[in-house]
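Please go over the structures that come below.
Across the two complexes that follow, subunit A remains constant while its partner is subunit B and subsequently subunit C.
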Partner chain A sequence: MKNRHTLKMKQSVIWAYIAPGVIWYAFMVIVPLCIMTGMSFFDWRSVIDNKFIGLENFKELMEDRIFKTALLNNIKIILICLVGQVGLGFIVSLLVNSKVLRFAKVHRVAIFLPVILSTVVVGFMWSIVYNNDFGIINAFLRAVGREELARSWLDNSEQVVFLLAVPLIWQYIGYNMVIFLAGLQGIAAEVLESAAIDGANALQRARYITMPLMKNTFFVVIMLCISGNMKIFDHIYIMTNGGPGSSSMVLALYAYKMSFGASRFGYANAVSVSILVISLILIAGLKLVLKEEKNE
Partner chain B sequence: MNETKKTNERKVFQMKKGLISIMLVCAMLFSLIGCSTKNENTAGNSGNQSEATGDSEEKIELTISHNWVEGTKGNGYIWEFIKQYEKENPNVKITTLALGHDDYEVKIATGIAAGDVADIFEFKGGMLVNVDRNNLAIPLNEIIEEDSEWADSFRDGMFNDMTTADGDILGFPVEFAVTTVLYYNQKILKDVGYDAPPEDWGGFLKMCDKLNEAGYTPVAFGNAAGWPVESDMFSKYANNMTGTDWFWDIKYGKGGSFTDPEFIDALNMLKEATDRNMFNEDINTLEYSLGQQLYFDGKAAMLMDGSYAIRNILDGASQEIQDATQVSFFPYDKDGKGEAKAVCGGCGWGVGINSKLEGEKREIAIDFCKRYFGPETAATKLEWGMFPAGKVDDYSKADPLQQRYLETIVDNYTDLAQCYSVHLPTNLINVFYNGLQDFMAGNLSAEDYAKEIQAEYERTELK
Partner chain C sequence: MNRAKRVIGHSVVNIMVIIFSVTCIFPIVWTLYSSFKSKGEFLGNIIGLPKEPQFGSYITAIDLMDFGRKFFNSAFNTIISLLFILLFSMVIGYFLSRYEFKGRAVIYFLILFGMLVPIHGFLVPVYLQFKQLNLLDNRFTLILTYVAFNLPVSVFLMESFMHSIPMDVEEAAIIDGANINQRLFRVVFPMCKPILATIAILAFLNVWNEFSFGLVLINDEALKTLPVSLTVFKGQYEISYPNIMAGLMLSSVPVIAFYLAFSQKVTDGMVAGAVKG
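Coming up: the complex of A and B.
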């Protein structure tokens, strides 16, 4: 009875502990979010030059050619990264976790290394890789006598999004690998061993034992992949700045260009609000799908 | 016995733990103190601030923001001038906030929108509407009227880019920049049978075909940022087809539309140039300076750039390339309304004095700007590889390439046409930039592109 009393904290003490964090979070996230949403209803061009225009910014968004391209590009990047970052990340984590792979630690470090690099560095590095004159891809093609295939890779507006996704996959595959490894290590070795004794091969074990047991890990990784790629900015800003034209434009970059390039802060905020709403819809959709699967 | 040993070990462990905690806390505190000290220094020495001079008497501090980052010859003079000014006026301390061109453009546009600018601040002509609307800079009309000798020392039209629709002059002209100069490597041109580029558009395109056949890139361009094609080339094509009056009508909302056939013709001129492979293939993803590098490396025969490129040629190209470089007007389509020897340009960027400055601070800021931008420094600026807005008659101290430019272009142009990004508001120019690359890549037709610009133009308040 006495113990229960000591363990029970006073309500006021709990709030006092939570308060600093809540206040910090509110001022750093909630308040700016509210201001941003408010500003999206204004034609906000400068501190003294702004007027309330209701939903005009959002109406304009619906007809904006570049906004549509940017949204489509974000979705394309998410889909490519779901295969590349999540799919390959899972396969790599299985390999690193398996007993057949030698020097597992070396592989783990090598694959994780790009994660700690600055995105600006990665962007610069890959823009050099793709460069027409001194890029390694063209150098290789010229060395093997296939000069006709050498080109300015990032100038092709049809392929540019796929080419930009490559460094994204390259950089973050290690990040997903680490999360998957943590999940894999949570699976009891006995389960896998008994499956092996029952005659399940490596692929069957991955498909019928590992994957179902790692459903929650997958959810986390997919969610991070969607949210990360909805707000993707730095790589593309460095490598193509959304170009050529708007063929590699993404929503965050468009919001940036509209605010700091065109000084249309209200419209830029409408773009940012749309990023938030679309991300929430995608995450909610994902949750719903997983919940339905669980119920089944 | 064992019990005592364990207790001792636990004590040692706890002591170690305590010690490590104290060390960590100290490290954190020191790093915080380190940060704060560093911040204080940075606040006082932001950018490459000039050294403080004078003694402990109370100093009048002024801040200046601009894009002349130290490192190139042409950018160096302002830093020298500040040092000299501080020496002559020991009670003045000038703190500089300098950033590279593209970064500075973003920073100052945002600062102007937020109403937060330095005491003396450089801004682009296209930002003039916002500077005026937010009442950020003092009008210089009185200063100009009071000191007519000083005002007359400038070249004609230098204050145009800094004049609002109501006639207020809000900035000192930074330089006389021509944005459309054709630089060519005479040696390469001779290889394909030309002494100089043909003046007519058709002939010029034919020469470009020959250069392509010979394995050269006809014109080097790095247009990743969007502004180079617009400022350094398209403004001239547009002037060629529309003439100068059409542009002034557009600027002040007196008539004309971007969907007019003349403007569409100008866009088609650019498209024709792109389709005939006049430029390097990666024009729209290559950085401005990397585009110039193709010319410096002798891979490209020509460079369509501003007068400011001379500084880069002198800094980056070999002596051989510098010697082979000649200067010319742009090729001209005689079906257009503009003049053949029209160039786009003006001061482009200006320097304003913060309207919040009062008393002695304001007086010093005015004195500093009048001296730096006035006749006193014009000749010296030429020696530093700059192109002063003030009149200079003697070119002998300038570099030979600079002299060729001054004698060919500056002494011979017949009309000073306008560069779009200097005169049109930033939101409109942004639509220009956004569509330009799509248009060049063939993803957007000339008519649809013109409609996009016109739609934004109609949304824009021009005053």
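Coming up: the complex of A and C.
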């Protein structure tokens, strides 16, 4: 959006006003970005113990089994959350938006509540929920006489990634719901009504009218899901710290462990660079797909 | 027949949403009421409500977390960060939307970049940078990061809000001889209160809840924030669950109270932050 005309003022005055914020921002975003990129070419273990090794860190990444597990886990979590946060979130928003629902406002407040909690609080809460002896899941199973199903949930390396994604879905589904609800308000009621008169049932209306009209909303939500889950750290640090073994390792946690556990700062920066690059590729890819859809 | 069908349909929708809402709040409610159980009672009765509610867990948790100090640190970080975020986003957003100047495109690009990349991936480089510059373990360490990381969305919200405000008022102020400071703080600031409220809500939740930078950049117990203080419970599961639950509730009460008081504003703000950003 461009103004018809702009106000006039001396360049130096303008810069005097915006400089503090811009410099602050550059110091915290541009400088780390340069450090990160630069360091990723070094075998940096301490200030005195470092040497330039070119692309060696990245070569090592390609061979690194834990890195691969971590990347795969990030992608798995994104896919699970696409179904849970985006898919289920959309369905929930349709239900909450439904005219026949009573106390819709109360439901909105309740479903959104987990969004505002700290990620650490959610991590702790769910590690208690999943706990073997004192978890609410096992307590329920015992109460209904299915003791044999009770177990230490997060100790199973096969299922741990899925189980870690559940709290993520639980926490952020309300966020997606309110974004979808805002999008739904942009759809004229007459369009849906006339479709209903033409005999389209609720499912058909959702599929053929609501969804195409909400393409941009879907784009926003999918992008949030990808960028949010590429940097996922807090929940997993609290719940499993990457375990058992490294079966629930994710990229951000791996970068953390490589630097603060193994003191391999150069390598950790290479991991950070890969998080950045992969996120940008995924987001750019998503934009491209969306553009093509629009052209069709 | 048709009527019966509709009644069933309506009930199904209502029941489904009720079940869903309960699922969303149950873990929180369970944590809340379990925190009032004694250790013994919790072990014997995990699901039920406490029979004799007691506050022992809160006393222990306050002690273990060093709650008073950590609460002060979080509040201090939040308030100071918010002041800077509001000031910077208002000034930068205002000039971006109203003036042509050299470097404007660069600033636009930087902001867009900041919104696209997961800034939290900067954990390691920021740590190294702060270590070199001796900025770790300082009262203002976290404020430095929190202000910068909240700027992109805040500036963007402010900038797009300014487009919806006609310039007449400012032009009149210029004719009346108001200088730039007077215009910014007497004319623009009052008009922007709604969007500044949105920015403040988003920033408050982000800063209050932030964990990973607080974990990495601060080692000094005296400067740690509330979310980080919860890590004392890590690996202490065998000791007492109600203690942990009390700690979780203690650190969540401010945000939950804030949310329940302004729920509409909070959800609207989060939607604006996501859709515009």
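As a convention for this text, the second predicted complex is superposed on the first by the 271 of 296 C-alpha atoms of A that agree within 3 Å, B and C clash if a C-alpha of one lies under 4 Å from a C-alpha of the other, contacts with A are read in each partner's own complex, and residues count from 1 in each chain.
By our rule, contacts are C-beta pairs under 8 Å (C-beta built on N, C-alpha and C of every residue); 3 or more make two chains touch, one makes a residue touch a chain.
Because the structure is predicted, anything quoted here is derived from the model rather than measured.
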Touched partner set for A:Arg151, first subunit B, second subunit C, both or neither: first
Comparing the two partners subunit B and subunit C, which touches a greater set of residues in subunit A: C
Subunit B versus subunit C as contact partner of A:Thr240, first or second or both or neither: first
Partner chain(s) touched by A:Phe27 [first = subunit B, second = subunit C, both, neither]: second
First (subunit B), second (subunit C), both or neither touched by A:Val109: second
First, second, both or neither for A:Ser46, with subunit B first and subunit C second: first
Partner chain(s) touched by A:Phe265 [first = subunit B, second = subunit C, both, neither]: both
First (subunit B), second (subunit C), both or neither touched by A:Leu280: second
Touching partner for A:Val13 - first (subunit B), second (subunit C), both, neither: second
Residues of subunit A that lie at the interface with subunit B and also at the interface with subunit C: 47, 127, 131, 259-260, 265
Subunit A partner contacts - residues on subunit B that touch it in the complex: 106, 109-110, 112-115, 130, 133-135, 224-226, 280-285, 294, 299, 426-427, 429-431, 433-441, 443-444, 452
Subunit B-facing residues of subunit A, complex: 45-49, 65-66, 127, 131-133, 151-152, 154-155, 157, 239-241, 243-247, 257-265
Complex contacts: residues of subunit A adjacent to subunit C: 1, 3, 6-9, 11, 13-15, 17-18, 20-22, 24-33, 35-36, 39, 47, 92, 95-96, 98, 100-102, 106-121, 124-129, 131, 134-136, 139-140, 143, 170, 173-175, 178-179, 182, 217, 220-221, 224, 227-228, 230-231, 233-234, 237-238, 252, 255-256, 259-260, 265, 268-269, 271-272, 275-276, 279-280, 283
Contact footprint of subunit A on subunit C as seen in their complex: 9-10, 13-14, 16-18, 20-25, 27-28, 30-31, 42-43, 46-47, 84, 87-89, 91-92, 95, 97-103, 107, 110, 113-114, 116-129, 132, 144-145, 147-149, 151-152, 155, 160, 163, 167, 170-171, 174, 180, 205, 208-209, 211-212, 215-216, 227-228, 230-231, 233-234, 237, 241, 244-245, 248, 251-252, 255-256, 258-260, 263, 266-267, 270-271, 274-275
